[in-house]
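Presented sequentially are two complexes of chain A, the first with chain B as partner and the second with chain C.
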Partner chain A sequence: MLRAVRNWCLAVVVALFVAPATAQELKIGLASEPSAMDPHFHNLTPNNSLLSHVFERLVETDPSNKLIPGLAESWKILDGNIWEFKLRAGVKWHDGSAFTADDVIFTFERAPNVPNSPSSFATSTKGKTLKKIDDLTLQFSTPGPYPLLANDLSNVLIVSRKTGEGAKTEDYNSGKAAVGTGPFKFASFTPGDKIEMVRNPDYWGTKAAFEKITFKPIKAGPARVAALLAGDVDIIEDVPTADIERLKKEPRIALSQGVSRRVIYFHLDQFRDETPFIKAKDGGAIKNPLRDKRVRQALSKAINRDAIVSRVMEGVALPASQFLADQFFGVSAKLKPVAFDLEGARKLLAEAGYPNGFKMTMHGPNGRYTNDVKIIEAVAQMFTRAGIETSIETLPPAVFFSRASAGAGGLPEFSFILVGWSADTGETSGSLKPLVGTFDKDKGTGSANRGRYSNPALDAMIAEAQATVDDGKRAGILAQAVEIAIDDVAIIPSHYPINTWGTRKGLKITPRADEYTFVMGVTKE
Partner chain B sequence: MSIAETPATVETPNKPKPAVESPLRRFAAEFLESRVAAGALLMLGLIISLAALAPWITPQNPYDLAQVDVLDSRLPPGTKSSSGAYTHWLGTDGAGRDLVSAMIYGLRISLLVGAASGLIAMVIGTVVGMTAAYAGGRTETLIMRVVDLQLSFPAILLALMLIAVLGKGIDKIIIALVTVQWAYYARTVRGTALVEARKEYVEAARCLGLSSARILFKHIGPNCMAPLIVVATVQTAHAIALEATLSFLGVGLPQTEPSLGLLISNGFEYMLSHKYWISFFPGLVLLITIVIINLVGDQLRDVLNPRLKK
Partner chain C sequence: MTAFILRRLMQSVGVVLVMSLIVFFGVHVVGDPVYLLINPQADQKDIEAAIRALGLDRPIWEQYWHFMKGAASGDLGRSFIFGEPALKVITQRMPATIELALAAIAMAVVIGIPLGLYAGLKPDARLSKGIMAASIVGFSLPTFWVGLMLIMVFAVILGWLPSTGRGTTASFLGVSSSLFTRDGLAHIALPALNLALLKISLVIRLTRAGTREAIHQDYIKFARAKGLPDRRVIGVHLLKNILIPVVTVLGLEFGNLVAFSVVTETIFSWPGMGKLLIQAIQSLDRPVIVAYLILIVLMFVIINLVVDILYSILDPRVRLGEGSA
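Right after this comes the complex of A and B.
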């Protein structure tokens, strides 16, 4: 009798704990935690990705980052400077009120002015004047022709005027103001633990396939994989490269992969006559060799991109030839990744007057990009072989980026750095302008140009492309500009990462180039 | 005459004293009574000489980037390198370093850090502890409260904070470990010195009018040595483990010059993909090193503690 009772109790306990999560619920293991539930607080991939479930944009992007209608049903260019957007009718906010042009106008007032924002959306909202024609028609005007207007709008999540008026970031975090139009309603945010959302039954588009979704930030890669294997989560993003080979053999797990719109590259100090982290072999001061194009070419040739891709990235990357992978808008079809050529590199170094090489310290972040430290270490080996005695220093990402952009004296501090760049416009002007455009705060060019490369001809081409509304023409100009920058070795591209998501068998997630993890892209098989 | 004299003159200074054993010899005999301790001591000698001779016995210099090739990364034990120059008996790590070489070099760093920080902490702790015991009164209270405060901090947390402030490098790790450990020595020495200070020989020395410093360092000091040596062995093992922990957390040493902890950390992410060797072997070496130092320390305690004498 007693035994029977005990067995029964045991069975209940087992059933309670082992019962699989219902198909209606989905748990997602995130690689990094969003810093707020305020869609305008911090322009950061984890925030933008997560909040896209609650809020929506006028213009959305498909998985390959092509523009598609979102809250705006359609748009047309009236003349070069004025765009007219037709808003979707019948869209309701989660609190039941109707979505109108007023909400968009409110959003564009709020987005650039959120207090204490670490990186704001001002770059996407500035220079645009909004004019309401009627409740569902809006005109955007810019001072000059601006072909990227729709791209800019695809970055800004629209919030409700009714709940957003006077709301602070904390009000979004608590859920009070977190009212959107998206397929999911915000339920709760517990920093360091989880974010919960529930299905929006009144969604205007395809209704979500899941009743409830829970996002759990699991920062450590192996822990994320372990959580997936144990069934604690159904989907994980950013599967560590080291585990991909093994997970492929795992029958309970499926992987989805897609090329990122990110490029991992090296930026070189090209503005100082003497650069702080390059010395002669005997430790004496020398002139900055990186200003010599032959040295830059030699460094590019010394990098064995295939080895980085196959050994460090374990096959989940593509060797890079330019700023964006081949399928994106405005890339050059002519450029191929620079081939590994050790002899050629040594010869170029000798020609440039460094037959014995020099000493260099390479800097990079530890833990910002997939395998960043390992890439730096591998490239240091390759440079050392070519005669450039390279030591490395990796820093916590926050420290690294602030010193790399503005160290002592407000200038970029390092000589040679590994960085990554994700073109948030999904086309090459989004990389050219900040990375190799002449550093100029007023014009907004070269905002991430940590090498301070400057070429007036290139600047002119970027400006021209930005004023060309015709897509075909603009793509041609951009491709030419890319060729100039790469020929000059303004940056040394290394590779384009391939992003990997892991799901339990029976689920499938559509990989996105912008690295966003969208439950809307999850289908049951 | 001269022939007869010579042996006599030679014999006098060298006269063996069979009845009275030298204390050192007695100590050695007692120490080696335990087979385990003798074995541990032998192993310790072996490990130290391996570490000291690293540049001459390792097939590769794992810190010379020109000798390490990323194309050879993560090779399983027993594989030949792509250039054919080496056979990696225990495999390679994620950057292509030969694990045998990297472990011996890593051991070198671990032992250096352990010994250096142990020694410096011992000197500082001894001086502070004896000063406290001898001075008494307010000075003693002040010093001992500082020691208590120090001991109440978790060692790893304090070391992490120090490294964050000081930056990377072997010297900084040693500074951090000394800061974490001196208090243990200070407390031990003060306790022993308090007991010693009440003994007759110290009173005798005082009556002779010897200076405080002389009494402290010439008379009390040597008599505090026994417990100090025991604490030193335990703390050295602790220092090695702590250095490994710091390196594992990625705050200790440069990535291109891994110690054992960093090697374990490098291999950690490959554990799930069955590339066990990158973490396993350095972990094993670290374990063995710490265990044998502790074994030697245990036996030292047994021999040096009069209460445990048979």
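Right after this comes the complex of A and C.
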């Protein structure tokens, strides 16, 4: 009987697995699904990451987000306002036509004007005038000195004029217009199911190590891990922190980790005299205590960052001292994470006139950042121990962000929030300007300043940095600006998450600070 | 009959109107997805441009009027997330969901009815008690937990079946489905079983109850007295009579499976409509939510209609059109 059962099981297994996957194929489990195959439809990580396999940029970034040549071989600054880019010769589009400066000019016309785009690339393309010198030379000019030009270009995927002219987002989704220069050619896109690509045998650079790659969006974390364990995918991104310890012991699996360019931090209401979610202990109205620097310092001291990192994040994060982790451009070398000091926090609160603390409600998204709810719960308890009775309310991300940005008649609605920030430029001006610059629509500063912190001295420094083309000088100004903002507790940084990728044994993936998952970074051991 | 169908359709138009109004304004009150979708580097003007691009800068009644105008000509708006027509986004994912629902219903019928019959005919047998106990377990286990367990056992530990996604599809008689390939069947086995578990239990209990009741009816006794073979008594006389509640329930359950197999589709990354709906709700993709619910209302109306027609075939005493709407 037992033998019969065993034979039957064996027969089933053999029957199901006679069709072996080709050795050259790679399957990747994605945490979030790209919304389109049009590289200019939606300027957000899932799309930008995936489409980098098909399309390329003039300037690319290495895994630590430093700029490296892409479709542009080299560039130089002629004077502060004009940059000249030499394009790579001999690059061919997937349809065989040659890549020239015309394609770049076409891209910059198309990218900001894609209809129905929920997040336009105008953010990266605006303020730049393109001039073709010859087929492989291009000049970009800006109204004033603009040091971030190359950073901006590292965000725009170049499309072919020949196939892109008149093409709509649908044409890219169907593959008709999805013609790039990248190491992979687009093969198919089944929304919700998979995206397939094949190797580009005529690629100008290092040719891809895999014949065919398939991306499968598997949103649920446990399901992604199960798919990796079951061998249905070879690589997964965003391994849930709870599974990391177990996977480390799994002999079939290898993990790769790298610190992110994201910071998880708290934004504080610093513009209202009375803030809606802070009350006296007896429930009566009080003046907004967050406008007192000592209270902000007390809150920062009351947070046990080491405990958040080791307990809540299970070790996959670093305690944060500023806007970006140490290896990035424009950070301050002097700043260290604020030490946990409960007594010091209580003392500062007493000095500020709140010896008995006050009542506060902390808000945050549920499910936007790794372990966001758990972090909010932990920090609320820490504050309560320091005397600030903190209750929490977490909201679905879509609801949270619209209310936190403009919920109170166009103004930020909450008093104290947990948020995250990913500096897409890979340097600190990309954090300073939107987060702690004064909210000013005309200048475009403070666009994500949900605490409406405002400091004219800091604004001046950010503006100066933005007009300083010399990298060494700019790094110095930015570091100083960061120190001012942190010293004034404009925001309270919590931690820098560490991203984890899982691969089956025998494969290795280079972790990237921008959280992109690149097959180009996958090597066979 | 025609009048009956027409009246049904008229009613459904009313339901769709009210529903679209509630959902449209409801989602508007909850918020909009712009701040979630926009790139962090976007400044205030970029954000305003995105709000304009999605038409969210207009007053809500104007947006609704715009939507109704489009809907009258079959255009239910464009998805905020995908930029494509909402209807297309949904129908693209429909075949995957329908085949999953069909597979689950087939499992429920093929497994549930024989087991229920057996339990009804031999209520005191040990096996019958076992079947009934198992059906209670099938009822009470949460779908997401069973799904994860199925993946753990059959995909991770045993490695027999794939854990995620839909298999390769093939065309047969002009219909493209993953049910026609072995790879497809292997992929659908676990999610379909996960969905079917509850339905199997339901069918077992319904069939058993029906059998217990019908077995003592005069017409069964009469059939037996006439000397008809057991096979005919049970297979025709009994089964036909107990099938009415089973058909009703399965019809509605089929609708539920198509519309709301959200949990199973999410766990197994099944590229169907349920996963789309939950994504749309999470990201407040209003055009997709509204279009989805309109489709679902229409689907339920049609299913109810089909169930009523099947009734009249199974039970000649039921006549359509006499106030049975």
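By definition in this document, the second predicted complex is superposed on the first by the 507 of 525 C-alpha atoms of A that agree within 3 Å, B and C clash if a C-alpha of one lies under 4 Å from a C-alpha of the other, contacts with A are read in each partner's own complex, and residues count from 1 in each chain.
As a working rule, contacts are C-beta pairs under 8 Å (C-beta built on N, C-alpha and C of every residue); 3 or more make two chains touch, one makes a residue touch a chain.
All values reported here derive from a predicted model rather than from experimental measurement.
In the superposition on chain A, contact of A:222 is made with both chain B and chain C. Counting residues of chain A touched by each partner, chain B versus chain C, the larger count belongs to C.
After overlaying the two complexes on the shared chain, residue contacts for A:137 are found with neither chain B nor chain C. Using the contact criterion defined above for the overlaid structures, shared-chain residue A:115 touches chain C, although it does not reach chain B. Looking at the shared chain after the overlay, A:377 reaches chain B, while chain C stays out of its contact range. By the touch criterion stated above, A:398 is placed in contact with chain C alone, chain B being left untouched.
By the touch criterion stated above, A:129 is placed in contact with neither chain B nor chain C.
In the superposed pair of complexes, A:24 makes contact with neither chain B nor chain C. By the touch criterion defined above, A:385 lies against chain B but remains apart from chain C after alignment on the C-alpha atoms of chain A. Where the contact sets of chain A with chain B and with chain C meet, they give residues 222, 226. Only residues 12-13, 16, 19, 29, 33, 35-36, 38, 41-44, 114-120, 122-124, 169-170, 173, 190-194, 216-220, 222-223, 226-227, 229-233, 367, 396-399, 401-406, 421-422, 424-425, 430, 434, 439, 441, 444-445, 447-448 of chain A touch chain C when the two sit together in their complex.
Residues 221-222, 225-226, 240, 242-243, 245-246, 304, 307-308, 311-312, 366, 373-374, 376-378, 380-382, 384-385, 390-394 of chain A touch chain B in their complex.
Contacts from chain C toward chain A in the complex involve residues 30-47, 49-50, 53-54, 78, 80-84, 89, 92-93, 96, 148, 151-152, 155-156, 159-166, 182-183, 186, 266-269, 271-272, 275-276, 279, 282-284.
Across the interface of their complex, chain A is touched by residues 64-66, 68-71, 73-74, 94-96, 168, 250, 254-256, 268-275 of chain B.
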